[in-house]
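We just call them A, B, C and D in the order they show up, numbering each chain from 1.
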Amino acid sequence: MTEKTKQAEDGATMESRVRDSFERQGLMRHLGAVIASVAPGMVHIRMPYRQELTQQHGFFHAGATSAIADSAGGYAGFTLFPPGSSVLTVEFKINLMAPARGEYLEAVGKVIRSGRTLTICQLEVFGVTGEERTLVAMGQQTLICMHGKPDSLSAQA
Amino acid sequence: MTEKTKQAEDGATMESRVRDSFERQGLMRHLGAVIASVAPGMVHIRMPYRQELTQQHGFFHAGATSAIADSAGGYAGFTLFPPGSSVLTVEFKINLMAPARGEYLEAVGKVIRSGRTLTICQLEVFGVTGEERTLVAMGQQTLICMHGKPDSLSAQA
Amino acid sequence: MTEKTKQAEDGATMESRVRDSFERQGLMRHLGAVIASVAPGMVHIRMPYRQELTQQHGFFHAGATSAIADSAGGYAGFTLFPPGSSVLTVEFKINLMAPARGEYLEAVGKVIRSGRTLTICQLEVFGVTGEERTLVAMGQQTLICMHGKPDSLSAQA
Amino acid sequence: MTEKTKQAEDGATMESRVRDSFERQGLMRHLGAVIASVAPGMVHIRMPYRQELTQQHGFFHAGATSAIADSAGGYAGFTLFPPGSSVLTVEFKINLMAPARGEYLEAVGKVIRSGRTLTICQLEVFGVTGEERTLVAMGQQTLICMHGKPDSLSAQA
């Protein structure tokens, strides 16, 4: 097996680790959010417009915008975590910069610094309509890696 | 009509202004969140546990926690805004301090400083089970008052 | 030795641990900041007004305000850390709510949650003139406890 | 006078407006910070290492790091403000990602969105030693434009 093949497999493993976890997030399904892409240190999540996601003026609610931003950042960090660990959000901060409207929102989580314990991500959310893509929110997030606590074990149980 | 009666009516008007706006938030209904109380500068929102609100370990998702924190703060600020204005979240920051679990979450938004243009709120979210009440998240939020833009006009239309 | 005497000694040890560390902060001395009080989970720092601390309008600069807020929170967390550990600021967020003026600023750092690895503090800064005390800034901070890295070892050397 | 010449003059006016204001910031002088460059929507500030800027381990103090980050962002926003206005920091959030060490720190403030009232900036701080340049802090800032309040009027007086 060549080094290149091995890396491709690792990439597939990483992606399925992320997608498995994402599918266990009841909230993402409830909001209609889906993973658009997974790469090392970067994850895109899309969420089509629905009346169920709105604030009082009919835009996407800041809470819905933040939810996919938080998940995109969390999974961006998770792509770089060692197997058998899980991810928790320590905190995040988000600026809502423009009315969150569009056919769908796309959140981009990107790792800025990945440490053994803490990971820092940048969060961006775009409102997309056809070819038009507007930055509607930007944030910054701190994650913690829980070593030796596999992501697939339910903590609620 | 005494001054006291007049204030009571104003309080009722304020509360109905908040509740009308809240009912137009599709996201809050979709998450099963309800207003528990409205007072000048302080709003409580409750959200019962459901599988549709979870992250990958079965706790409330940080996005759901943040969504009700954001709405609680926004409406806390809105109680102090003049009639005919509306409220937008400029930004917020939230620390997820403990696993968000319980029969329901209760978000408390509280105005710390109310200015003509900007309002600063403190956000707290508690996980509640029976008599047990645990602080699971704490945040800080900046709101902007949109003067002359009534809250009931749909901006999406 | 009674239990009460032992606790009093522990308190004195804790306070001297904080004051020793504070004295090694070149910036605090340079800004003229002093510790006003140390208690478990809460530290007050004062900084008298000087032209050397101003922004362009003659108020205390947000950077000076933030610096003492950060130190107050950091040492509030440090009071609860085990001996032989040190404290680092992971991140903080601060709202500058009113012009920072007065004879002196007083920063109050207060621990909200103290975990083994991470500690969350609330930060408040007051502008004080005589009996008048105005909240000029409020923030939230995440600290990390570096176990087994005594605070007195210089990392720069 | 060609359009190009006129723009060059405007650029010079903008830069002198920023530098004049910066020179009135007593704190920046006290910290030994200087403006390295001014461009529309982006300002660089440098601050050489001195014992007077340290925290307890000999690194740059988070408060010093934050102070130049705040000023860099504030002036980045200010470059785009109309004449006769002034700038105030509403809030900022900063992650301290690596030990802040080096011959000097360089803060970069960059406007992400400039609105009539509010401006959002990204803040980065690098520790620089010779050719080595390490990102030590990253933040996000909200500014407010005070229309009709010239920056040169002292508000403290």
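Criterion: contacts are C-beta pairs under 8 Å (C-beta built on N, C-alpha and C of every residue); 3 or more make two chains touch, one makes a residue touch a chain.
Heads up on the chains, UniProt names are A, B, C, D = Medium/long-chain acyl-CoA thioesterase YigI.
Keep in mind it's a predicted model, so treat the numbers as computed, not measured.
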Each chain counted as touching chain C and chain D at once
A, B
To bring chain B onto chain C by a C-alpha fit, how many degrees must it turn, rounded to the nearest 5?
180
Euclidean distance of C-alpha centroids - chain A vs chain D, Å
31
With chain centres taken as the means of their Cα atoms, state the distance from chain A to chain C in Å.
34
Nearest whole angstrom, what separates the Cα centre of chain A from the Cα centre of chain B?
24
Show the residues in chain B shared as contacts by 2 or more other chains, in ascending order.
90-91, 93, 95, 140, 142
Touching chain C in the complex, chain A uses residues 90-91, 93, 117-118, 140, 142, 144
Within the complex, chain D is touched by chain A residues 93, 95, 97-98, 112-113, 120, 122, 135, 138-140, 142
Which of the residues in chain B come into contact with chain A in the complex?
21-22, 24-31, 50-59, 61-64, 66-68, 70-71, 74, 86, 88-96, 99, 101, 151, 153-157
